[in-house]
Structures are given as C-alpha cells and as structure tokens.
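Have a look at the structure below before the remarks.
Each chain carries a letter (A, B and C) given by its place in the written order, and its residues are counted from 1.
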Amino acid sequence: MKKMKSYIKPSSFLIFIALAIFVALVPAVNQGYSMMILNLGLIYSIATYGLSVMLGLGGQLSFAAVSFMGLGAYFTANLCSGRLGFWVDTSLTLVLVLIISTVVAFLIGMILFRLSGTYFTFGTIGLVQVTWSFYLSYKPLFGGPDGISNVATLRIFGWSPVDYNQWFYVLVVIVLIVAILVERIRRSQLGRSLSAIRDNEIAAQTLGINVYMTKVIAFTIAGVLAALAGSLYAMHSQFVSSDMFTFERATSYIIMAMLGGVNNTFGVFVGSVLVTMLPEWLRGMQRYLQLIYGVGVILLMVFMPMGLAGLAGNFGKSIKRKLRSAAVKNAPAEKEDAK
Amino acid sequence: MNINTIVSLAVNGISMGMIYALMAMGLILLIRAIGVMNFAQGDLLMFGAFITCWLTVDLKLPLWAMIPLSIVCFVVVGIIFMFTAYWPLRNASYPAATVISTMGAAMALKEIATLIWGSLPRSMPPLMKNPATGKVAVLKIGSITIQWQFILTIIVGSVFIYLVFVLFDKLYAGRMMQAAAQDKYAAELLGIPTILTTMATYVIVVALASTGGYMIAPIFMVSNTLGTLQLRAFAGVVIGGFGNIKGAILGSLLIGVVEAFSTIQFSQYKDAVVFLVLIVFLLVRPQGLFGEKIADKA
Amino acid sequence: MNPILRLDKVCKRFGGVIAADDVTFSVMPGEIHGLIGPNGAGKSTLMNLISGIYIPDSGSIFLDEKDISNVPSHMRARMGIGRTFQTPRFLQRSSIRDNLLLGTDLANQMGYLKSYFGKKGSNFEEELDRLMKYLDFTFDWEEDINGLAYGQRKQLEIVRSMLTHPKIMLVDEPAAGLNNKEIDDVMALLNFAAKQFGIGVLLIEHSMDMIMNICEDIVVICFGKVIAMGGPSKISCDEAVIEAYLGRDLDASNS
C-alpha cells in the first residue's frame, strides 16, 4: 500500500513560478488604464473564489454574489465618501464590511437554504433582483441611478496606493491570501463535506454531515468574499453604481469560475483575469465582442466543462500515464540485470 | 383610485402575464422535454420581437404574409439554437454545463440582433390601430378605456396555451415528445426519432417566445434589453410549481398582475416587489401552487 | 448486555403502500444480524428508517437504548450508525483519499474549524492499512474513485464505513456485483468488524451463501411484516420463510 505522499506536487511549483513571473512582469508592461482593468480582474476573482466554494465544492448554483458585492461596495461608499456627513477610516470600514457581511450572509443563507436545488437557485435570482432594484432606485442609501462617487481610496497604516500599479501589488497580496484560504478549505473537512453534499446529499447525511448548516456556512463564506470584493471595488474605482450588480453581471462571475475550472484554485484566478481582460484584448473587435464571448462560453461547455484547469489536469494525467507505462517497460529489464 | 385604473391595470397585468406565460411555457417544455434550464429564453423573445418588427416595419408586409414568414424564421432560429446551445451538450457529464451554455447563447443572441438590426431601440406601431385616427385602438365600456391590443394579447396567448395543451395531451406527437424526454434510449428503441422531437420542441419554444416578443413590441420598444423579462417568467414557473404547465401559466399571470398593481405605489421598485413575492412564495410554499413534493428514492 | 439497535413496533406507510408493519427486532453488539426477504419486502426502507432518512409513522427505534426515532439523520450518523448503499455513493470528482477521509471525519467529529487549522484526528493511514489487509486489491490514493472497478468500490464503501468507528453498521447487499473471492473477503472484513470491534452489523443480502455462513441471527421480512426470526438453521426450516422466499436454493445447500 502506497504511503500518502506529502511532497509538493510539480504542478504547485509551476504555478508558483508562473505567479512570480506574472507579478514581476505585469507592472512593467501595463500601466494606467490596462492596469486598472487587470486590477478589476483581481477584485472580481475574490468574489469568484466565493462562488467556487458554493458551486465548485458545494454544487449549489448561486447568483447571490452580486448582491453581496453591492452590500460591501455601498457600505464602503457611504462610510468613506462623507456623503452621510461623517468619514470612517477605510481600513476600519473593511473590517466592518467583513463583520456585517458575515452576519447578513449567514441570515440570508439560513432563509434561502430552506429551499433546495433549483428552488434555491431561483431564490438567489430573486434576491439579486430585489437588491438590484433597491440599489438602482433608493437614493438615500444608494445614490439612485447616479450612484455614489468620491469614495476614498484604501489607507492602511497611513499609506495609500497612489496609482493603479501600487493597487496591483495590494490586490495580489489579498488575492493570494484568499486563494490560500479557499485551497485550505478544499483540503479540510468542510471542503470534503461540501463535495459530499454536491455529489450525494443523502449519503452525506449518513456520513454525519449536517447538510443544511454546511450549505449555510458555504453561502456565508461566499457572501463575505463577495462583500470584500465589493468594498475593494469601491475603494479602487472610487465610484459605485448599480449596473455592477445586475443579473447579467452575476452570470459573468459564473462564467469566470467555469472558464478557469471551478474546482481548481489557480483556475479561478486565471478565469477571472481572462474574462475581465478579454474585452480589452479584443478592442478592435468591439462589435463582435459579445458574440465571440457568447459562442466562446458554449464552446467552453462543450469541450472543456472543467475549464482550463481541467484541460491542464487531463494533460498532466496523460503524461503521467505515459511515464508510468515507460517505467513498466523498463522494470523487467532491470530485474534481469539484478540477477 | 377609480374603476378605470383598476380595470386597465388588471387588463395590463394579465396581458403582460400572458407574455410571461408564453415564455414560461417554453421554459417548462424545455425543462420537462429536454431537461434544460434555458437562460436564453428572454433573448429568444427579444429576437422574435426583432424579426417581427423587421417583417412588419422594414419590409412593410401585410399580416397574411408576415405570419407565415415569421413562422419560417422561428423554425430556422429554433433549429439553429438547438444545434448550437443544446445538441453538443446532450450527453454532458457536468449538469450545469447545459445551463451555462444557454447563458452564452443569450449573449450571442443579443449581439447577433445588434449586428443585424443595429443597437438603437426601434418602435413598432400598435397591433391594433383605429383606422380613423391612426392611433391605438381602444375599447370603451362606460368610463373604462382598454387598449384593444392588450385584449388581443390575452386572446392570442390563450389560444397558444390551448394549442400546446392539445399537442401534449391529445396528439400522438405530443406523447412521442414526452417519451423522448423521459427516456431517450427507450424512445429510440421504440422508433421515435428523438432528434426530430427535440427539434420540434425547440421550434415550439422559440415560436412561443417570439410570439410573446411580437406582442410586447408595440408596448415596450424593441431593443436588445428585452431579454431581462425572462426573469419574470422564471418567477412564474417557480410560483406555479416547478414542472407544471398549468402552474407556470397561472404563476406568470399572477406575476403580471402583481407587477401592474405595484406601479400604483412602488413604481420604481416593481422588480423588488415582484421578486419579494417570489421569495415569500418559495419560503411559504416551495412546491408552488400546483407542484407536488417529490421524494427521492433513497 | 443491551442490544445496540432495537426496533419496537415500527410502522411506515407511503400513501397506500405499507412499507413497515409493526416491525420489532434487535441487534446485539458484535453480532452479525441478517435482514432478508423477497424484493420489495421493505428491507431498504427499514435501513432508511434506521439511518433516519425516513421517520417512522409510529413505533420507536433505539440506539444503545436511547430513543432516536426523531433524531435527524446526520445526528444518528454521529451517534454511531454507519451505512453502506446498494450502489456505492462516492464523491465523483475526488480522489480516493478524500472519499475515505470523509469516513475518518465522522469518526473524529472535530468540526470544520479545527479541521481547517490542521488538527489531526485518528491515524488514518494505519487504520486503512489494517482494514485493507482483508481485501485483495491495492490502489493509489490520488487516483480518481472512478478508476476502481465496481466490486472494489463496493468493498471500499464498507471500509469507509468502518473508518467512521460506528457502533452499528447497516450493510445493504454487499455481495451484489462481487465475485466469490471478493465475497469471501467481505465476509472476513465484516467478521473482523464484529468480533474485534464489537460493531453490530445489520446485513441485507440476497446471497444465501453469505447469510447462512456469517449471520448469527436473522430476521425475515415480507410485505413489511416480520414473518420469522432466529438462527440460520431455524430459518431454513421455517415454513413461512420457505414459502415466501427461500425455495430451491436452500434445499440444495441443506442436502
């Protein structure tokens, strides 16, 4: 019986190197506008990580990410723009966002998970529409169709990023922390329990998993991450308006998750960045953008439902197989030599 | 609030509800017959609106020419839609894959419409004009004024609903389609051409949604944002009881009426009202008006 | 000594179908107890009632003399009811390791937070090695569960259940789909569980070989009613049982 190996897999090493190169090169190549877009991709990936916990691990399709992003964004915008007559420090606001979103997400999760399966998904659609309607129209809290501007930028220990490049470094650190958090979940009991719920709810119960509470916990985690993303968005773009939180935007997060591979921590990051950068790279083809995007999604589902990570994984497996069969061919010859 | 307002809101609500019901029926058909949740339903309605607008306004075709031509268009669109968004995925192992590909199809449809017909919203003349004044035709009963086209929508919607029921309950073709849905393999063994039944289902769904688009075009402008109406249809499906056609229709009508009456007080927030109703329904009676609780065989 | 599992006049109906009719029997710790009956008799339903997927309409279920009739399913699992299914239910896109760890998770019951921070519970590898000695195949942890043959997955489900340190195991048709050698292995494993760990085993099976060889006590169900109880020799002679179910097979093994 093979002993459990706890070495670092070659793929993790590759990822680490790729990341290092990415962080080193990117600021040299990008500036200003394109850096801003990349930053947005990083911000969105935080929300997508939350989604990957719900959808990838737990198998529950939820559109609620945008509702919570709005929560984080508007909360931040209200506290950090002086529009309510007072200013709150942005770092403190971030902490408050985390606390409040935990409570709200937990409560909403407790309510929504009285529904199961597709009913739950429709419940999240309902939630998105309700929150969007308020975000769009309720001027006192959400600025109405004009949104809220003049949001202060992030300030930690007296330091603020002065341009998008500096924001980039801040975001990379945050995304890395989130990614490690999510990967850790994947490998711990929570991740396994969610996967059990995804694949077989009844069997999960007989394995002692409290299905309802586990789902609620996953929803809370997703909500908090989305709210964090929303808060960072508000500070980065210094402007919040309701068209960031529509049903259509919710579908784009799902696509980000699926593109990279909803069950692969690195893949989620890649997917989010790619989807966000795509409109920029296809600048010239503005007219056909949505069409390419739409067709691309269909092709993605047909050929690579496990996303880029799935593709890479299959590729890795087929290489492993080839190596193994080569090793087997060599083994008998070695025995001969030993004699 | 006078009787005129109440009646006209009610008629308005039911007629919008009819349009949602047409989409909802399509949704249920696809769920029951194919097992797909179609997030492109609203964009099919949008596309249908554009097609009929093009035939009516651009080509200035009279009604007797427009109807058969639009049916031809619907068939074409239905077949193309099926072969691109569904057929390659029919054996997919990842269940969310079909759903997500419909999201992609929705985007593609929006863009295609924009490419063909431009991005400016277009207006369509009312379905029924007063020949004397050239304006919208109205029915007057005492002090109550109702636009004829709303009534027409209700009538047409009811006719279509009836036709679909007849198809599935009475005709052999309908039974074939249901068989193909429930057990494709067995149906094929019985000689049922599943590819044809699938195509037929998609064509019907597109026709239903597109007719809804045609009816709604004079009321709203024809633009590529019409697709968002599908969310109302989803709400109707859920309220009615998942998988139940009668329920979906009643649920959609209910949504239409709720939406209409919410404009009295909460005009800006009618989305919130409609979907709060949905959420409350889900919590209080998740199986919907007519659904049954289905227990899993453990 | 108290029975580890006791059913007392349990009744359950689904609409017009009576799935369980006044069922009463008990399983002692360390005993392998057979549950047999013709198809559709209500055996799997009883399993579901015991593991909490269904709630009885009337009557009670006792685990170690604690009334669990209204305890939710996941709590019963945590109290020590282990379960395998007719068709193995595993995580589809996960490695074998993750699948089996689900079992250890239940044994440890340390909660999500502690697990997140890396607290280690029972010695997974050691236990697994010991259990796998009874079975005749090996595997690579990291392999996808779907890479294993059906028979191997069935055996692995029993292993996973044992990893949960149950007080009683509900085993549903373990022999179906297994070849003779594998059936022998499973019998050895179940015996090991019962005798070494004092785990009670409630065994649904159609393979009379297995039942007669391994069970100390058997309860026979037909149309939801208990029609006979007793040891293998008593059951094989019982008129009602033969009439309902056994027939030719048993005559062959008797002579």
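In this section, a contact is a pair of C-beta atoms (placed from the backbone, for glycine too) under 8 Å apart; a residue touches a chain by one contact, two chains touch by 3 or more.
Source: prediction; values computed, not measured.
Distances between chain centres, each the mean of the C-alpha atoms, put B farthest from subunit C. With A-C and A-B as the two chain pairs, more C-beta contacts join A-B.
Put simply, the chain nearest the middle, going by average C-alpha positions, is A.
Look at where the CA atoms of subunit B average out and do the same for subunit C: the two points lie 50 Å apart. We define each chain's centre as the mean of its Cα atoms; on that basis subunit A and subunit C are separated by 41 Å. Subunit A and subunit B have Cα centroids lying 33 Å from one another. For subunit B, residues that reach two or more other chains under the stated contact definition are 298. Shared interface positions of subunit C, defined as residues touching 2 or more other chains, are 53. Residue positions 202 of subunit A are each in touch with at least two other chains.
Residue ranges on subunit A touching subunit B, taken from their complex, read 55, 61, 111, 114-115, 118-119, 122-123, 125-127, 129-130, 132-134, 136-138, 202, 247-248, 251, 254-255, 258, 287-291, 293-298, 300-302, 305-306. Partner subunit C is touched in their complex by these residues of subunit A: 1-5, 184-185, 188-190, 192-193, 195-196, 198-200, 202-211, 214, 217, 263. Every residue of subunit B that touches subunit A in the complex is listed here, in rising order: 37, 39, 84-85, 88-89, 92-94, 96-101, 103-112, 114-115, 228, 231, 234-235, 238, 242, 268-272, 274-276, 278-279, 282-283, 286, 296, 298. The part of subunit C that touches subunit A in the complex is made up of residues 51-53, 72-75, 77-78, 81-83, 85, 89-94, 97-98, 101-103, 105-106, 109-112, 115-116, 118, 125, 128-129, 132, 138, 140-142, 164.
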